[in-house]
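Please read through the structure below; I'll follow up with questions.
For clarity, chains are labelled A, B and C in written order, and residue numbers in each chain start from 1.
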Amino acid sequence: MQVGIVSYGAYVPHYRITPQEIGRVWGSDGELMSKNLLIFSKSVPSPDEDVITISVEAARAMMRRTKVDPKLIGALYVGSESHPYAVKPSGTIVAEAILTSPNITVADYEFACKAGTAAIQTCMGLVGSGMVKYGVAIGADTSQGAPGDPLEYSASAGGAAYLIGSEELIATLNHTFSYTTDTPDFWRREGQPYPSHGGRFTGEPAYFKHIQAAGKGLMNLAKTQPTDYAHAVFHQPNGKFPTRVAKQLGFTDKQIEVGLLTPQIGNTYSGAVPLGLAAILDVAKPGERIFVVAYGSGAGADGFDVTVTDNIANFNRGAAPTIKEILQNRTMIDYATYAKFRGKIRMQEGEVS
Amino acid sequence: MSTARLWRENPSRYNLAASKCGVCGKVFFPPRNVCSTCHRKSIGKMQQLLLSGEGEVYSYSVVHDAPSQFELLKPYVLAMIRMDEGVMLTSQLIDVDPKKVEIGMRVKTTMRKVGEDGPAGVIYYGYKFKPIT
Amino acid sequence: MREVAIIGVGDTRFGELWDMGFRDIGIAAGLAAVQDANLAAEEIDALYVGNMSAGRFIEQEHVAALIADYSGLARDNIPATRIEAAGASGGLALRQGYLAVASGMHDLVVVGGAEKMTDVGDAMAAEIQSSSMDQQWEVTFGATFPALHAMIARRHMHDFGTTREQLASVAVLNHLHGSMNPKAQFQRAIDLKTVLNAPPVAEPLGMFDCAPSSDGAAAVVLCAMEKARKHTDKPIKILASTQASDTLALHARSDITSFKATHVAAQRAFKLAGLEPKDIQVAEVHDNFTISEILAIEDLGFFPKGQGGRAVVDGQVSIGAKVAVNTSGGLKARGDPIGATGVAQVVEIVSQLRGTAGKRQVAGARYGLAQNVGGTGATVVVTILGAT
């Protein structure tokens, strides 16, 4: 049976900080960082937000746009590298918040920035095999970068949710292809607050190698070439890597333009490709084909060949904010407020007295 | 905070589960087993419903002096919100400039952390409100 | 039901009483009242203790037994009862004592109220006080006690045009009264500017719009009127003691610009006493926040709804005006040891009706009223007293 996207929803926190402001505090040239990374601002979650609240907002937006009864959802997965609990799944709270029945399977995923797309693949399998009628796949993060580290200029927060089914699809998921190896380019040990990375090792042997392999494998499987696609979205840790890998694979700047959000909101990690795809679905026309390749450090890339259907013309997109509307809804903050919000300031411990 | 005490109320904190008197139509949030107007006549006649999540600000205050669990949020806007179903509740307004809050402002619900039992404890989620733009 | 009189009163200073523990302040007020009534311990039939939260402030429950023990009254194994209704604990304890004597069950009872708030820090004191609100549906979501009253003030300002200056005038007036009360926590007068410029607590209320945390105790001795003149030449009669309840959560009310429980309890009290608001010369009202006094003087019927703020500014509740409000300094300046407050209000009214209020004396005071509030008006007790 044909499997695809029935609905989608997105959420990005309200606050933003600029690389210039971050550089100011650490004695770095924030302006230069901004130019090198092609990031103008990144999103900052409020102290009362986390991957669970972001996932709920995205999933609720997804449900507002469709008439599907949440009780028919048979599976729900939240992919993130900043789940609020090390043990206790984010997914159970999200499931109750969107009114699923208890007759559902839930688990949390982790695979750096591609945990959300891994969730989409799982839902494709469950729906395609007839095991569930609908599955929900969410990619969301409130990623942290160590103070003063280059990652601090890009690590941000946001997420998107996808309702996967086999009926009334707004887009078909024609093919998926993944490429995975053991490559330690970026990691975080249990209990550590900030991730570590291999510097330039994160480029060629990691991001570029895996996306290229998955991308080529996908086009091989789908028997397509870059010109078949109206849009393409790649994992976007900064504003420059996706442009380069796109070119390497034969895609143009124009094709990746709509889905490239990192310059405005920073790298939302597991939310990055799901949000980029949402931006494309906000404007895509029936019949258009979309090329999607997510990348997660550690390392792996998931590719998807997507075709927009006629149903998108009747899709109730207006029931929730579009990516464009989300991007406009923002307030700038300074580094002190950012550090306070992100829990980087050591607070008084102990009980109330 | 008590894990079980707050868990029990998840349907109301997550999804605004309320009740409505089958006799007089009055809506209660949180849900009640007995209508405060109809008393015994309402027993067994209370209906379940979920509030739509939209309402307007009835009154508000910018809170500066706050308990330690709200240290990172203060000053925050506390508000009494009259929901469209008529019932009123107390919550915070977020993602809004405190100076721009007005009585009568239209707001809608959003999911946020409302507290936690310390850094090793359970996290509690519930409703806060943001302006309808 | 027979008539009941107050034949003795006693109280401690209110404030941060570092050298006195809970037992010390409880006993001090009770002893003073018993001495004032010139009684021997064996004449006392029962003890009623108003206290909001000794269990959390000093980790001690069962405080009626404690006070009975340390006062020596347990020697005769008299019944001792603790009453709790948040801020109305004291007034409610008085009502329970009144009912016991009026019913004929007892002839002579001691009613005391006590709270020791400063053995915990400010943050904990605020948390304990917040348990008078709806824990599950107000406090969990960030409501603080001042914040709820601030929302009342905001709505009152919206509906009636009440101003911050009018709110601040309540604090100024009560501090002026406090400066004449040697037992008050704050004995310095303050000016309007100080109140208006004070750090915000929950807008529009600032630090000087809010009563302090305090230690303190107050006590009265109640006696059947028919036996009162054996003990004193100036028994003060309890003409009415009424009580009303309302929803726990403020958001469950239909109107937050008045406390319906005050209005209901007051109407019942005036009916029982055969009086009207205009007959009252002196009143102690529950000004834990400046807005609360404005609500009280409206809800009690002293001024039309919405006019309370103007009345304060126009001097209509000052000493010498038609009704003098909070001559003790109120909760604001006199202090607010939660369980003691309701009893202390009555101690002040008794002093006024006896003519022993010194610099704060209201000339010719014949009838007085005390209004004691629990939470944001979920419990209200009104007591009307008359000189004999």
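Everything that follows uses one rule, which is that a contact is a pair of C-beta atoms (placed from the backbone, for glycine too) under 8 Å apart; a residue touches a chain by one contact, two chains touch by 3 or more.
Source: prediction; values computed, not measured.
*Asks:* Closest chain to the overall C-alpha centroid, by per-chain C-alpha centroid: which is it?
*Replies:* Of all chains shown, the one whose C-alpha centroid lies nearest the global centroid is B.
*Asks:* My parser should flag the chain pair with the most contacts; which pair should that be?
*Replies:* After counting contacts between each pair of chains, the winner is B-C.
*Asks:* Can you check how far apart subunit A and subunit C are, centre to centre, with Cα atoms defining each centre and the answer in Å?
*Replies:* Chain centroid spacing, subunit A to subunit C, equals 59 Å.
*Asks:* Roughly how far is subunit B from subunit C, going centre to centre by Cα mean, in whole Å?
*Replies:* A distance of 32 Å separates the two centres.
*Asks:* Counting only residues that touch at least 2 other chains, which ones in subunit A make the list?
*Replies:* Only 352 qualify.
*Asks:* Among the residues of subunit C, which ones contact at least 2 other chains?
*Replies:* Correct list: 123, 127.
*Asks:* Return the residues of subunit B touching two or more other chains; collapse runs of consecutive numbers into ranges.
*Replies:* 67-68, 73, 114, 128
*Asks:* Please name which positions on subunit A make contact with subunit B in the complex.
*Replies:* Residues 14, 46-50, 52-53, 56-57, 60, 84-85, 93, 96-97, 99, 329, 331, 340-341, 343, 347-348, 352.
*Asks:* For a test of understanding, state which residues of subunit B touch subunit A in their complex under the given definition.
*Replies:* 10-11, 14-15, 67-68, 71-73, 94-95, 97, 110-114, 123, 125, 128, 133
*Asks:* Residue numbers of subunit A touching subunit C in their complex, please.
*Replies:* My answer: residues 352-353.
*Asks:* Which positions of subunit C touch subunit A when the two form their complex?
*Replies:* Subunit C residues touching subunit A: 120-121, 123-124, 127.
*Asks:* Once bound in the complex, which stretches of subunit C touch subunit B?
*Replies:* Residues 123, 126-127, 130, 136-138, 140-144, 146-148, 150-152, 154-155, 158, 199-205, 247, 249-252, 256 of subunit C touch subunit B in their complex.
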